[in-house]
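One chain, subunit A, appears in both complexes that follow, with subunit B as partner in the first and subunit C in the second.
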Partner chain A sequence: MSDQKVVLGYGDVSFGDELPEVIPDVSMPMVRRFGETTGMTYWRFTDHEKAREAGLPGAIVPGIMSQGILVSLIHRWAPEASVLKIDTIFRAPVVVDSRPTCRGVVTDMDDEKRTVELDLTLSNEEGETRVLGTALVSL
Partner chain B sequence: MILDLHSHSIVSDDGRAKVENYCQWIRRKALSLDGFVLTEHRLYDDESDYRSLEDEFGLLILKASEVETDYGHVLVFGVNEDLRAALDFSRVDLPLQEVLAQAQGCGALAIPCHPGRTRVGMCAHIETRGLVEGVRIIETLNGGSRGEENATALALAQENNYHSTGGSDSHIVSHIGRCATRLATPVSNMDDLITELEAGRCEAVVWESEEWISPN
Partner chain C sequence: MDIAELKKKWAGWTFDEVRFEIEAEPLAEFSLACGETLPRYTDPQDPNFQAAPSFAARFHGDRALPEGFPSDREASFDGGKAVDWKAPIRPGDTLIARSHIHDIFEKTGRSGGMMFIVHRMEFSNQNDEIVSIVDWKMIRKL
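Then we have the complex of A and B:
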């Protein structure tokens, strides 16, 4: 975690800044709660045993939950930010009850529009990127 | 000289990085990298001209391709009109044997990449269909592969005396330079790079503890 300050506006940001990293809660109770809220109560998200029988490494975190985790990273860093666009690539499953790390960095800035682009990643305990993406954020 | 031999820009369908941002990132983070090669998926980008970025940032930026074969993905260095006439880069089932032969015939160089990965890597296909003649160099360090996948690639290289390269396989800005290739002799263009790779004056390296380390 290289930068703990809360970003209030565009002037607080520099190219290469790292967002404070987050270890999100992807425990089974949390994923079940997310599933009940969104209607995504499928066994592949909520049942390790059935998921393994189907060839998955275990129950997996829903993609839209991973995307939500990435967006929450942005808002922890810059509470007033507007996320104009988020684009995610799901490279590999994020396993329920694992301990992933969510990171972001500033990779482009537009002084005129006062927007920044971010790289976003969700990595597992071995440091392997499971979900990656970019976001365009207005500050 | 350290070059990242495997990267993607927004020219690739799944690439999200602008080349200028790669350059800015390398300089802002003081990465010990002398340049990189853009290996766009299933095409050769002959429209983009990065010479002004090379001058501005003091980096070597070369262009190549990543094609898809019946033995997995393959980096092709030295793409020219003859090679593009001989191979349909947009296909996802190019015969590896043909890619290797056509590349050699056209003065280019084909290097199977991330061979340890399932489906898109060469090792799984070798298990069922055997080795392919003509492979001399493989990518043993890929920044997007898992540790055991890179270990599988390294074992394949050691068993068959293949030369090794490394590349980040970056699709986003902050992943450039995760792995790279150390060249014994500095190069300034694609022809020189191919000469060094063919001669085996290269090794795959990863940045650890403030220095480039070869896992070989």
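Then we have the complex of A and C:
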């Protein structure tokens, strides 16, 4: 189970540490807000009915919004962290207005560079991983 | 399709160049919509205000693939994005994004062969400093 400590520096981290889970806001108003600022206002992101007609499970969260959500998970865990790299795979859609969960775990540490590697996931209510990623973080 | 020939012909040269002027509000809105809470990403008044690390992934060039490339963008699906953060992006910056095909390779899975096209956008600021590199994997069934 995740503890809720805030990481202030490299010395606060241990291999295998879990990041505190976050339930991100992927409501329609938030996805529309993201769409308005990025130009991603396509119906597949903003209209459940049209998305279902096209065979999707509903309107879906833009992949790069999911990626940004995973970055914010890292910052909630370690506010002073610098995210040097994030690599995400959009394995399956995250549905707008659902209640996904973000998780992360420390999978590698470099004492010399004071960097850590993280495995990150965004899962749906059934526990199925929809987006997965890795990140390299300097602390 | 000969993947090695395809890579030899199409990878490694710039086929698209786009310019972006960076303003404060879209940086903050991107961060807030992604759930960021740190003022350096959400508050334009913060002295260290800057784009969230994955911000550059939101940009597209004028073309996804070079003219004449023998595969439609529509025939492929999105395999994911990787962002290498190099330096802060701040309001007032002018970014130049140059696109090239970084790699083309093949993988064989249970459903057969798949071609991976790695589209790379390199973002430089007005000081010719690289601020971000975004790799976008496009996957197509062979």
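Keep in mind that, in the parts below, the second predicted complex is superposed on the first by the 138 of 139 C-alpha atoms of A that agree within 3 Å, B and C clash if a C-alpha of one lies under 4 Å from a C-alpha of the other, contacts with A are read in each partner's own complex, and residues count from 1 in each chain.
Simple rule for what comes next: a residue touches a chain if its C-beta (ideal position, glycine included) is under 8 Å from a C-beta of that chain, and two chains touch if they have at least 3 such contacts.
These numbers were taken from a predicted model, which means no experiment stands behind them.
Peer 1: Pick one for A:V96: touches subunit B only (first), subunit C only (second), both, or neither.
Peer 2: neither
Peer 1: By residue count, which of the two partners contacts subunit A more extensively, subunit B or subunit C?
Peer 2: Of the two chains, more subunit A residues are contacted by C.
Peer 1: Between subunit B (first) and subunit C (second), which does A:V7 come into contact with in this model arrangement: first, second, both, or neither?
Peer 2: neither
Peer 1: Name the contact category of A:T38: first (subunit B only), second (subunit C only), both, or neither.
Peer 2: second
Peer 1: With both complexes superposed on chain A, which partner does A:L19 reach: first (subunit B), second (subunit C), both or neither?
Peer 2: Touch partners of A:L19: none, neither subunit B nor subunit C.
Peer 1: Of the partners subunit B and subunit C, which touch A:D87 in the superposed model: first, second, both, neither?
Peer 2: Touch status of A:D87: both partners.
Peer 1: With both complexes overlaid on chain A, does A:V105 touch subunit B (first), subunit C (second), both or neither?
Peer 2: In the superposition, A:V105 contacts subunit B only.
Peer 1: Check the residue A:M30 against both partner chains and state whether it touches subunit B (first), subunit C (second), both, or neither.
Peer 2: So A:M30 only meets subunit C here.
Peer 1: Determine, under the contact definition given at the top, whether A:V61 touches first (subunit B), second (subunit C), both, or neither.
Peer 2: neither
Peer 1: Which subunit A residues come up in both lists, the one for subunit B and the one for subunit C?
Peer 2: 87, 89, 133
Peer 1: Quick check on the complex: what are the subunit B residues that touch subunit A?
Peer 2: Contact set of subunit B toward subunit A: 14, 16-18, 21, 24-25, 28-29, 144, 146-147, 171-175.
Peer 1: Across the complex, what residues on subunit C touch subunit A?
Peer 2: Touch list, subunit C to subunit A: 25-26, 29-38, 41, 52-55, 57-58, 78-85, 135.
Peer 1: Show which residues of subunit A lie in contact with subunit C when the two form their complex.
Peer 2: 22, 24-25, 30-31, 33-34, 36-38, 40, 63-65, 67-69, 71-73, 75-76, 79, 82-90, 133
Peer 1: Applying the document's contact rule, which stretches of subunit A touch subunit B when the two form their complex?
Peer 2: 15-16, 87, 89, 91, 105, 107-108, 117, 119, 121, 126, 128-129, 132-134
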